[in-house]
Each structure stands twice: as C-alpha cells, then as structure tokens.
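Alright, structures below, take your time with them.
In what follows, chain A forms one complex with chain B and a second complex with chain C.
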Partner chain A sequence: MQITVKLFATFREGRFSVEGREYPEGTRIAVILSELNIPEQQIGMIMVNARHAEPDQELHDGDTLAIFPLVGGG
Partner chain B sequence: MEALHEFLQSSAIGDLLPWPVQMEAAQKFDVSCGKVEDTALELGLLPSRYQRNRRAISVSQQLTLFRSRVAVIGCGGLGGYVIEELARLGVGTIVAIDPDVFEEHNLNRQILSTPATLGRPKSEAAAARVAEINPAVTLIPLQVAYSSENGEELLKGSNVIVDALDSIPTRLALAETCTELGIPMVHGAIGGWYGQVATQFPGDDTIKKLYSRWVAGKGVEQELGNPSFTPALVASMEVAEVCKIILGRGATLRHRKMVVNLLDMEFEEVKFERLLEAVTE
Partner chain C sequence: MAEKILRVNMTTLTGAFEDVPSEWAGIGGRALTSAIVAKEVPPTCDALGKHNKLVFAPGLLAGTPAAQSGRLSAGAKSPLTGGIKESNAGGTAAQNLAKLAIKALIIEGAPVDDSKFYGIQIAKDSVKIVEATELVGKRNYEVIKTLSAQIAPKVGVLTIGPVGEMRMAAANISVKDPDGNIRSHGRGGLGAVMGSKKVKYVTIDDTNGTGTPIADPEKFKGAARAFAKAILEHPVSGEGLPTYGTNVLVNVLNEAGGLPTKNFRTGQFEGHDKISGETMREIIVKRGGKPKHGCHAGCIIQCSQHYVDEKGEYITSGFEYETIWGFGANCCIDDLDTIARADRIMDDIGIDSIEGAVIIGVAMEAGIVEFGDGPGTLKLLEEIGNGSPLGRILGNGAASVGKAYGITRVPVVKGQGIPAYDPRTVKGIGVTYATSTQGADHTAGYAVATNILKVGGFIDPLKNEGQVELSRNLQIATAAIDSTGLCLFVAFPALDIPETLAAIIDMLNAKYNLTLTGDDVIALGKSVLKTEHAFNNAAGFTKQDDRLPEFFSEDPCAPHNLTWTMSDEEIDEFWNF
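Now for the complex of A and B:
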C-alpha cells in the first residue's frame, strides 16, 4: 500500500520532508517510526489524515502520516 | 467627570487625542492616564498613539482592547515580545507571570533583558518596560511560578491567556486550568528554527493533542537553543490571535496549528479533525 509520510522540523534532517512510501497492508505506525529511526521520546504528535493517532494504529492505502517532534521552548 | 469630557472634546484634534493632552487631563483631573484613555475612547476619541491602528482597529474596538485583561505566562523569549506588542496594541491590563530573574544566556533573544537587567525579576522588567512605552496600560507583575495550585487565582478575570512557557508539563497544566475557567488560551512554542502556534478554546483538547506523546523532558529546543528571530515571530503570531479573540474577528487557529520552519522558510497549516461533539456545540 502507498503511504505519504510527512516529517516536520528536525525529523527531516538526514531523512526527507515528504515522501510516498510503499508498505505491506496493515503496517502499524510504530514500524515506520523504527524504520525511520525516529526515537519515540522525541515525538510530540502523530497524525493520520488530520486525525490524532497512536503508534500502534494500523495504516491503510492512501493514508497520510505526519510526525512532529516535541517543540516546547519559550 | 463632565468637566473631563468637555476638556477632552475641546482639546481633541479632529477625533485624535494627542499624548500631551492625555497627560494634562490626567494631571488636571487627578485621574490615571488609563482612566483618561478609557474616557476618551468612550467619547469616540482615539489617543493619537493608536492612529496607525486605525484601518485595522476602530475606535470602539480600541476601547474593547483597552477594557480587556490578558495574562502572559512566561516573560522570557516569547513573553517579552508578547507583552511589548500587547502594550503597544492597547490592551488595558496585562498580567505578567514569571518566577525567574534575567541571566546572561537570555540576552540573545529576550527583549526585556539587557546587561542592566541581569539578576532582576523578568516580571519587574516587564512592568518597567510597559510603564515606559504605554503608561495607560496597567501591567501586573507576578514573580511566581505558574502551577495547577495557584492557576485559578492567577488567571481568573482574564479574557485570554498567552502561553509563553518553556516547560511542556506546565503548559499541559495551564491548558487544563484554562478549560476549567472557560478562558481561551493561545499556545506558542519554539525551538531553534522551528515554532508552532495554536489556539485552544474552552472544551477543546488542542494542547493535550500537541504533546500527546510527551513523557519527560524538553523538546528540540534542548539541543537547538533559541535564536533571536524565532521568538519574535511566534510571539507576534500569538498576539494577532489574542487581538482576534478579543475583537471576535477573523479566523483563529482553532482546530489547527501553524507550524513554522524558518530554516527552509516554510509555514504549514495542520488541521485537526473536529470532534463531533465540538462541531454540534
């Protein structure tokens, strides 16, 4: 299945901004996070198609996955 | 009071009230500069300092801003600029909350910090700055740390709360208090070249969503620090949100966040799907 993966801020470094990627049907978000080497403790929010998502959620063909790092300074 | 009305009306130039007249009226009638401003605005007279607000903000809207109270939580990178802009905008009462004093590493970005203010409380520097730039505005400096325990006392009576904090858990606590008190909260956060802004109205769980994966520690700012330009930009966006909330104008960042990436110079709007309950409210 085709998943559009969007990375924000520092997560782009050494990776990419947005990419269409191929995954087996039913792949969970956590698998993609570990494939991309994104440590879970650096993540602020995960969204799938504008909805809030958790790492154990399964993805479906055509989904857009967006991963945001924690930004907390003032 | 009738005499004050007459004085202001006869001294105005067109519908503009020059600063020397505002000062003279305060002295002559033994009232505060703020009282003169309130009275003038009520009479439809615009203190001349706001004349360049005119196309964007009407006299009656200027009065609404003047009668509003905004609490700014944190007087550092974001908070300093937020306070500066709120005071120049003409928000009548600003509550500035920060437990800290200025340190040397603040000087690269915190507009209220100067070598002369090192070691001085940030909230006190905010009061001094506002007294200097707009004496009609009341700034209430509170050198305390925001917490769930003192939250209600600190925030009650405010029309809008501005998040200028540098701690994620304190932000989450602030969001909860804002919901309990039914006060809109404008969220801003920065780290390095990056920033984000969002507005949470009572009943929304925006802040909780933004930090839903947080377990401990700080964000990207820990590694990247904060250069001068990111807080200035994000603070300005926060103040624009405050202005719109108070005046009930435009489209706020409710149910969405604006993600700022100054390294690649990209602004991206991220929309949150609204809950069914929120839609039917």
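Now for the complex of A and C:
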C-alpha cells in the first residue's frame, strides 16, 4: 500500500520532509518509526489524516502519516 | 529600598511615589494591574476618557536572577473590548522598574489642553513630565533610538506610535528590548489609552537602582537553578522553541486541520510549507540572521529571532506564529519576506500584530484588497499608520471593519480578533476564546497544548468533552503565572515536570519570605479571574458575551468539516468555580 510520510522539525534532519512510501497492507505506525530510526520517546505527536494517532495503529492504503517531535509555541 | 507605587496624574502633570497598600503587597503582574483597575477605574467609564487608568506592573519575580522573569503587565479598561485588559510583554522595562523598586506605575487623568503630548521620565526616586514635542507623530523605532541617545543607551522605553496617538482601538504599546528593538503590549488597544492620556512615551533609567532584596538568597539560588534545569530539560522549551520559534506551529496546525485559512474558511493552507518555522529557520540561517534571541535579559528559552532580508539587513524580531499565521494562511500570503515587512510596519506604527492580521483578513473579505495581495496589504497597513479615513476604520479593529462593510464573517469575541487556532477544530481553545475576560485570547488558557501538542496530557481536539474543564484549569494557572512575571512558555515544562511549579513557589517564598503552597497559587489565579469577571459584568457584559460568532456554528471547517457545537449551558459552566 502507498503511504505519504511527512516529517517535521528536527525529524527532517538526515531524513526527508515528505515521501510517498510503499508498505505491506496493515503495517502499524510503530514499524515505520523504527524503520526511520525515530525513538518513541522523542515523539510529540503522530497524526494520520489530520487525526492524532498512537504507534500501534494500523495504516491503510492512501493514508497520510505525519510525525512531529515534541514542539510548542503560542 | 522599599517598594513604591508611582502615580502620575496627567491632569495636573505631576507624579508622586506612594507606599504600597497592604492589600497589594503580595501581588504583582496581572494580579496587581487587575486589582488596581478593578479598585480605581469605574467599569462603565469611557475607556478613552479621563477616568480610565493605565497601569504597568512588573511580576513578583522581576528583577531577580530567575530565568524568564522579565515580563511586564499592562492593564486598563480596554477600548477594544470594553472590558478589563491585561496584556503582558517582554523587553527591558519590567526589570528597569523592579530595579527602581517600583511595584506599579499608574497613569491617570488627562490634560485639559489636549493639544500636546508628554513624556514621563522616571529615574531613581524621581519622575519628570516633559513635553514630547519633537517626537509627536514619530514611529516607534525612531522614538526608541532618539530617547536612548538622549537619556542613556540602556534606558527602558515604553512608547506609542501614531496609531496610539490617534487613539485607534487596535493600538499597542511598544517596549524596548535589550537590542533597542521592539516587543509589544499587543492586545486590547492599550496604546489608545496611553494616547488618550497624551503620553507619548515613558522612560525608565534604573541607574543606581538596587531593587528589593531577596529574603533568603541561598534558598532562592537553589530554586532558580532547579527552575532553569526544568526549562532546559523539557523538549519544547529546551529545544523546540529556541530552534524554530513559535512558528513551528504552522505545520502542526495545518496538519491537524486547525490553521484558520482565508479568514477562517478552512483549516489548511496550501502554502503552509513556505511560511513554516522549518522554512523560516533555513532562511534566517542562510541569510546570516539570528535564529534565536531573548526578549529580555535572563530569558533562556529564546523563542525570538532576528529576521533579515536577502542582504542580511534586519527587518524584524519577535516574529511570532500568530503574526505569520495571520498574514500567511489567514490572508493567503505565502511569502515570509512580505509578512516580515508587515510585522515591521505594525511594530513601527504601533498596532497589535494579531488584531492587524485579523483586520486585514476581514478587509480582504470585504474586497478592499484581494486575498493573497501582499503589496496591497502593506499599503493598507501604511494607511493605518497615516490615519487616512480608511486607515482609521481598519485601525479600530476587525469588528470595526466588519461593521463598516456589512460583513458577518468577522472572527472576534468581545470585539477582539480571534487568533491562530480554529475553534471548530481545536475546541478547547474555543472555550478560552468564548470565556476569557480578555476577549478572544489564546494565551489566556492555551488549550492547544493539551488538544494538539500533547503537553499536559491529551484531550481530543475534535470533541466537546472535557474542554470546559481544561480551559478553566489553564485559565486559572495562567492568571497565576501572569502574576509572577514569568514568560508563559514556562507552562510547557510546568505541565509535564512537577518540579517546575515547586521551584516557582520556592522562588516566591525565598524572595518575599512567604510560605505559599500550590493551593495558594491556584487560589490567586481564581481570584484574578473573578476580579476581572466582576469588572466586566459591572461594565455591562453578560454571559451572552461569552459566545463565538455565529458563522462558526453554521459553516463547517474542512478537512474535519466540523462546526462549533458547544451549547450555551456547557460554556456557562466555565464560571462555576
């Protein structure tokens, strides 16, 4: 299945900003995190199609996965 | 040095130092400005009349070595909202006042002959009120430069630009920062109140000021160290804010579908990456600007920056997410350089940059200029600075523009422009907009932290459940933090690291020889909110003013296609404490 993976802030360093990537059907977010070498404790937010998600969520073809480190402002 | 209140009477053009009444001894910052306004200003008075008072108060920790402790509160009855206002800002003035042991500066009355402007010049144990002839009509950068050259390079300065002189309801008060640049008491039109008192500027020369002593210096040192450690340890305050500034939020809110776009039509902006914090950092680094910078000495978070042009020349600093959202997504201008120029003009003429952005969004809605028209936007801002008839309609706030042009898509609450988070998609912040005593103000109870950023837990931003309680707790805590004079960004570590709040309380106790507990701090926050709420009610507000504009309930916001569905009863539960 095709997943659009978007990375933000420091997670872009040495990786990428946005990429369309191929994964087997039913891949969980956690698998992609470890593939990208992103330790879970550095994660602030994960969003799938503009909704907050947890690492154990399964993805579906066409999903957009966005991964942010802990950031803030205001 | 014992702490004093400095009272300046602009009717008689005199100033005098007074002892601090016992009821005000233990409070500072917002708690103090709101207490003074509530006690001394008739709630029904004309905000631009002689009965209103403009109050400045450093926080309780100002002038100490505590990190982040240099914020200054300004308060009055707001000409924009018609209610009480507290607006706080960085810059050097809070520390200058604290060094002179001035707990509050109260400016009251108004000259009978209103043809002149004045400057208030404060130094150790002295105050002079002088005619400000040569600075009348001048913009803020020039005023700061002139006064710093005339008095002392390090003199603290509070000033209004032409927008404040013309008493437009969106006028701000500028505060000189450590580099001679500008921070602002932005919201609520306090610059117009200063203009109505005919005060062009206040200077604070703290030469030979020693401040008030710390009762227990050893204990203070330990607490201050623990506090700084917590700030640097938390990823938001220790790494995120200094690296990307607050503008890191453009991509976050866009991704969450809560980035108000095209005057609050949708929640995502096509050009988001061009105006994002990531892109901004790249530009600043490439051009040789400063990606991080503090708005006052002692700031270790440093969310500010110097944004420069292609030749490396300074354009603006304190270039915040709200401004970039406002002219970017909200006005569909996907060019950071244009937005930086807009920020520069607004600081210089003296208008709140959030209200400014909402004003231009409504002006675009009205068809005065097209959405996306950068040069047209800069021209409109210049019209405000020059005080043309159109400029004055604009400079009186987004609500004023909406009325003049018969527009209903006007994002304001209590007359104050709604900032950078769509309440249909970030429902907790919607409760804050509706209920805050300040009018629509995200900082009053920053539910975005818990709704979107997952700081302090997580409450689903798309559902109504739990939002009123979240906003209430945050508004209470914020009112307390605003009274310490700490920058609100200490809330990020405070929400996640328990030692942070303990360290703040220890610092207060060590400075003033007190025995405050966490409960006392919460009680302080509650009492500040209740004081402000009572003022607003006496000024004529009812619970019907705690509502969002109708279009939020009617028009769904893409991509989530939600409307605002919080019932009146649910919102009114807010004040149940």
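One rule holds in what follows: the second predicted complex is superposed on the first by the 71 of 74 C-alpha atoms of A that agree within 3 Å, B and C clash if a C-alpha of one lies under 4 Å from a C-alpha of the other, contacts with A are read in each partner's own complex, and residues count from 1 in each chain.
Just so we're on the same page, contacts are C-beta pairs under 8 Å (C-beta built on N, C-alpha and C of every residue); 3 or more make two chains touch, one makes a residue touch a chain.
None of the values given here were measured: they were computed from a predicted structure.
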| item | value |
| --- | --- |
| Overlay on chain A: chain C relative to chain B, clash or fit | clash |
| Touching partner for A:Met45 - first (chain B), second (chain C), both, neither | both |
| Chain B versus chain C as contact partner of A:Gly14, first or second or both or neither | neither |
| Partner chain(s) touched by A:Pro24 [first = chain B, second = chain C, both, neither] | neither |
| Set intersection of chain A contacts, chain C complex versus chain B complex | 8-10, 17, 42, 44-45, 47, 49-52, 66, 68-74 |
| For the chain B and chain A complex, residues of the former touching the latter | 74, 76-79, 163-168, 171, 188-196, 209-221, 223-224, 226, 231, 259, 261, 264, 268, 270-273 |
| Interface residues, chain A side, partner chain B - complex | 8-10, 17, 40-47, 49-52, 66, 68-74 |
| Residues of chain A defined as touching chain C within the complex | 6, 8-10, 12, 17, 42, 44-45, 47, 49-52, 66, 68-74 |
| For the chain C and chain A complex, residues of the former touching the latter | 234-237, 239-241, 243-249, 251-252, 255-257, 268, 273, 277-278, 303, 320-321, 442-443, 446, 448-449, 452-455, 458, 460-462, 488-489, 492, 559-560 |
